[in-house]
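In the part that follows, the structures are each spelled out as structure tokens.
The following pair of complexes shares a single chain, subunit A, combined with subunit B in the former and subunit C in the latter.
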Partner chain A sequence: MKTGESILTVDNLSVSFRTYSGIVKAVRGVSFELNKGETICIVGESGSGKSVTVKTIMGILPPSAVIESGTINYKGMDLTKLTEEEYARIRGKEIGLIFQDPLSSLNPLMKIGRQITEALLIDKEMSKREAREAAIELLGAVGIRDPEQRFEQYPFQFSGGMRQRVVIAIALARNPEVLICDEPTTALDVTVQARILNLINELKQKRQLSIIFITHDLGVVAHMADRVYVMYAGKIVEYGTAEDIFLEPAHPYARALLASVPDMETEGRLASIPGAPPNMLHPPTGDGFAPRNKYAMQIDFEEEPPMFRISDTHYAATWSLHPSAPEIPMPDVLRERIRRMKEGGANR
Partner chain B sequence: MCITLFIILTIAFMVVRLMPGSVYDNPEYSIEIIQALEAKAQLDKPWIIQYFHFLKGALRGDWGVSVKIAPCVPVFDVIKQRIPITILLNIISLVISLPIGILAGTVAAMNRSRMPDHIISFLVVIFISVPSFVFATLMQYFLAFKAGWFPIVYSATAAGTAKYRSMMLPMLALSFGPIATVTRYLRGELIENLSSEYMLLARTKGLTKYQAAFRHAFRNSCVPLANIIIPMFTGILGGSLVVERIFAIPGVGGLMVESVSTSDHFLTVAVLLFYSVISLFTILLVDISYGIIDPRIRLGGNE
Partner chain C sequence: MQIDSRQPILEVENLRVVFASGRGRKRIQVNAVDGVSFEIYQGETFGLVGESGCGKTTLGRTIVRLYSPTSGTIRFRGRDVSGPMTKELRQYITDNMAMIFQDPVESLNPRMTVQEIIEEGLKVRGIKDPEVRQEMVFDILSKVGLTREHASRFPHEFSGGQRQRIGIARALIVKPSFVIADEPVSALDVSVQAQIINLMNDLKSTLGLTIMFIAHDLSVVKYFSDRVGVMYYGKLVELADSGELYRNPLHPYTRSLLSAIPQPNPLTERHRETISYDPATAHDYSAEKPSLREVCPGHFVYCSESEFERYFDRQQTRASMA
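Then we have the complex of A and B:
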């Protein structure tokens, strides 16, 4: 793990939504930190609060959302305390965001070129012609051929992958230091996915970006992450380096998640996680995953587990790490796979 | 379009002919005179023969003459006199209602579910559901008769400001509906666009809320708006049928009502034709404008 200086620190962040049926506690005390030049992945299933967390960082929560507690520290500023105007200066300039669905995130009735120059012209440092040239250069940089010609086209004339490249170009237009990718490849074909991921990695090297990558796809995590945060029911349940998480998953949810991913050796039925994620209108007490965990102990239902230290880089919030807890076996599939991975060395 | 027009013409002809009474009903004429007149206009023949006779005339550009309202004047000359005031009235109402509707719709959408939105939405429901002639009558009574701010009826002879003052009430009466339509439509479009993904992207670029709302959501909402404005014109035209009558405006709408009630059949058919041509033309305009305004349709064929 790189021990760079921290650029973005989220501390004990809680976000709730006021809805007609009650208060939905989407994010419950999430803390993580992003170091300069690293990529962290936040992994979790739908509804675990990943997207809400990054929307909070970007300050684009819908009006029904309330930040209950916590701080987001970026370069000494607490982002949760910024006014809308101050936030407008952070967005795009300091932190860029790539959305999940490139098909709907571009304005369908505006030329691609204008959507990029619009971002470039915000700082008022460029003339329109300079902005145009810079935008064409950007389009080339994200791997769009004939950028001059493409500049004059509308989003519907682009394929999904190409649109995502345009979205990336827009996100990077003002040279942000932090790039947040909210499931950027979910809506794309697998082959296009790989190309976009490579592009993001390449741009990260060139521009010294620090990346927060949101995904539920562990294959993508393996491809991208320096460090991994596993999120469940609005909480971080385990975090560590990619090796820590893939080779020594400790939290039962992380184990179940890994076990449910098929690989070349998978035979018979695919392992699945029984049950459904908790309803965040009534957040669970104790360990949120306990009802779906066949090894759950009494205390898992009653009291929330603290973060147990496994190594300097690896922490997990599960009572199974308590000294007096019984040994819980790793799922067979997983044990077998980890053995193979360790034998195969870096070939993960 | 020509086929539609032909069908409209046929139906108009039949409906008019099926009405009881003769074109030449007049207490001063004896039965013989009426029968002689009818024979001259071939009105004593079965309707199918009358129909072909009418079509033949129509093809030659002879649509018949008015009988009661302006005796012996060709029907289109009668209409031609009445067109300017009607068109003027309609265009002015449209011009008034657009900016007001756009403004109100934007205010409502930007303040969604707050007080301004509730007030505007409430008014919109009233203005859409109450027909224009009710407003016309109410305003005529309260603003013109009781308060005396405006003339009660339109005065064609008055010149300059007095003429326009007498046009104010009918214009207002005709504008309420369109204002409400534009407001409701724009509010809906804007709310949808404001909550779209590309608005989030626009804001993550660093645009402020209002910049993003104006440059992206507002612009995109106006595109479909352009396509309801043109048919709205036809709607105002329909409203002016009755409103013209209330304010005694010598327009095409009034002519239509008069010609029906005096069974001036040739004139009725001609006025109907006038309205149909305008409606069909606006529909054609809408179809063409889609292509001009929306790049997705404009460029669709090239791909």
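Then we have the complex of A and C:
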């Protein structure tokens, strides 16, 4: 792990949505840190608040959203306090964003080239000709063949993977330092996904990017992450290096999540998590995962667990780490898999 | 897993499905399924994997005759079901086969209650007594892990996993013997996926189902299926027992597909090498015509004569080393 300086710090962020049925507490006191040159993955299920968190960072929350508390510190600025005008200088230029669906994030009526030069021309520092050259270079950099011809084409003439490359090119056009990837490969086939992930890693090396990567695919997390944050019911329940999370998961949710995914060696019954994630109109008190956790103790339902320190890099918010808590066994499937991983035989 | 009674329930032979649009010089023809042959045995789970656009969904939909085959035959329990659609044939197909769809939101009518959604198939089958239908709906709801109170609610009141349970109940209420599940878990959250897969496994054994499982998530297919077929651009390129296929993939496309699956293991995952596959350079079919050949018992690969020899040799060396 890199012990570099922190480039982006989110502190105690809470975001709610006002809806007809009441207030949805989507993010409830989230804190994390992105260090220079590292990739952090935020893992969680739909509704866990991971997308809302990054939308808050980008300042693109819908009008119904309210930032209840917290700060987002980027280079000494608090992003939650910025005006729209100031934000326009951050978005794209300092922090780039790649969305999940490459089709709906491109304008179908605009040629690919113009969608990239549009970003380049915002700053008014380039002539159109220079922008064109820069855009063609970008297309080449993200691995699109014949960029000069592709420049003149429309999104429908590109395959899903190629469209995602274009989206990455647009995100990188203004040379951001931070890149946020919100499930960038979920809509893609595995072979295409592998290529896009490698491309992101390559660009990260070349351009010294710091990446926030959001996904629910634990295999992708293992491929990308230096550090991992696990989110559940609007809170971060555990974080640590990828090794910490995959080899020594502590929070019952992190364990259950890892155990429920079949890998190539899985046989017998899958360890499914009973029930469904909580409705954030009525956020749970105590540990949000307690109703689905068969080892839950009385205190899990009553009081919110603090972050317990496991090691210098590894923290988890679960009462089971309290010194007077009983020992909770790791699920069998997971214990077995971790043993295999440590022996190095989990993969071919 | 060995299936004792190797009795084919479904036989697909040289099936082709062609979609065409335009006419004259503008005519475009897409060979969505291009000469596919395979059998599915009684009581097994047959997995079908491939990338989007490879024809796996078209193949599934053609088997239940949502699409008509361009040529080739489909036999179900020995009966040809690929011929012209008659009232009697439709009845036969719907009595025996059912389908579970990918998207649990889109595939349920938002204006119908769960009861109405599930019992529709019974109505079509002429079960007129509403009380009988109600009892059957309650019965199937409890089988898929829902309660009778759920019957009067609407789809939007349910979570994704529960909606998929409704979709499963709707498919199973007509007591089919063969179910095609087209990406039944890909729209669900990871923790809910496991619930649905376990449910399908339970139902398979209690109801004696044969399942064709179409998916792109190879870890799930490996876990859930007895045998797996790999499709690429309308062709079945490899077919084997799931353990054998994952241990010993022969076709270069299968190898590239397997190498691309991210595994939840940071120790090995960061250094994973992916194999890329380019059909133009991987095969030379100018001299020899490729076909689906059996390299070792139960393991079929789409290859030419010389490739077959290569695969066969590799297979032999593997076998001698083991």
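What we mean here is this: the second predicted complex is superposed on the first by the 344 of 348 C-alpha atoms of A that agree within 3 Å, B and C clash if a C-alpha of one lies under 4 Å from a C-alpha of the other, contacts with A are read in each partner's own complex, and residues count from 1 in each chain.
Keep in mind that, in the parts below, contacts are C-beta pairs under 8 Å (C-beta built on N, C-alpha and C of every residue); 3 or more make two chains touch, one makes a residue touch a chain.
Keep in mind that this is a model prediction, so the values were computed, not measured.
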Fit or clash between subunit C and subunit B when superposed on subunit A: fit
First (subunit B), second (subunit C), both or neither touched by A:T285: neither
Contacts of A:N175 with subunit B and subunit C, given as first, second, both or neither: neither
A:M58 touches, of subunit B and subunit C: first, second, both or neither? first
Angle at subunit A between subunit B and subunit C, C-alpha centres, nearest 10 degrees: 70
Touching partner for A:Q298 - first (subunit B), second (subunit C), both, neither: neither
Greater residue coverage of subunit A in the superposed arrangement, subunit B or subunit C: C
Contacts of A:A222 with subunit B and subunit C, given as first, second, both or neither: second
First (subunit B), second (subunit C), both or neither touched by A:V167: first
Which superposed partner A:G96 touches (first subunit B, second subunit C, both, neither): first
Minimum distance between Cα atoms of subunit B and subunit C in the superposition (Å): 8
Common ground on subunit A, meaning residues reached by subunit C in one complex and by subunit B in the other: none
Residues on subunit B engaged by subunit A in the complex (per definition of touch): 195-198, 200-209, 215-216, 219-220, 223, 294-296, 299, 303
Subunit A to subunit B touching residues, read off their complex: 58, 60, 62, 84-85, 88-93, 96-97, 99, 101, 104-110, 118-119, 122, 154, 156-157, 167, 170-171, 173-174
Interfacial residue positions of subunit A with respect to subunit C in the complex: 45-46, 160, 189-195, 197-198, 216-223, 225, 242-243, 246-247, 256-258, 260-264, 266-267, 269-274, 276-277, 341-342, 344, 346-347
Contact set on subunit C toward subunit A in their complex: 51-52, 159-162, 189-195, 197-198, 201, 216, 218-220, 222-223, 246, 256-257, 259-270, 272, 274, 276-277
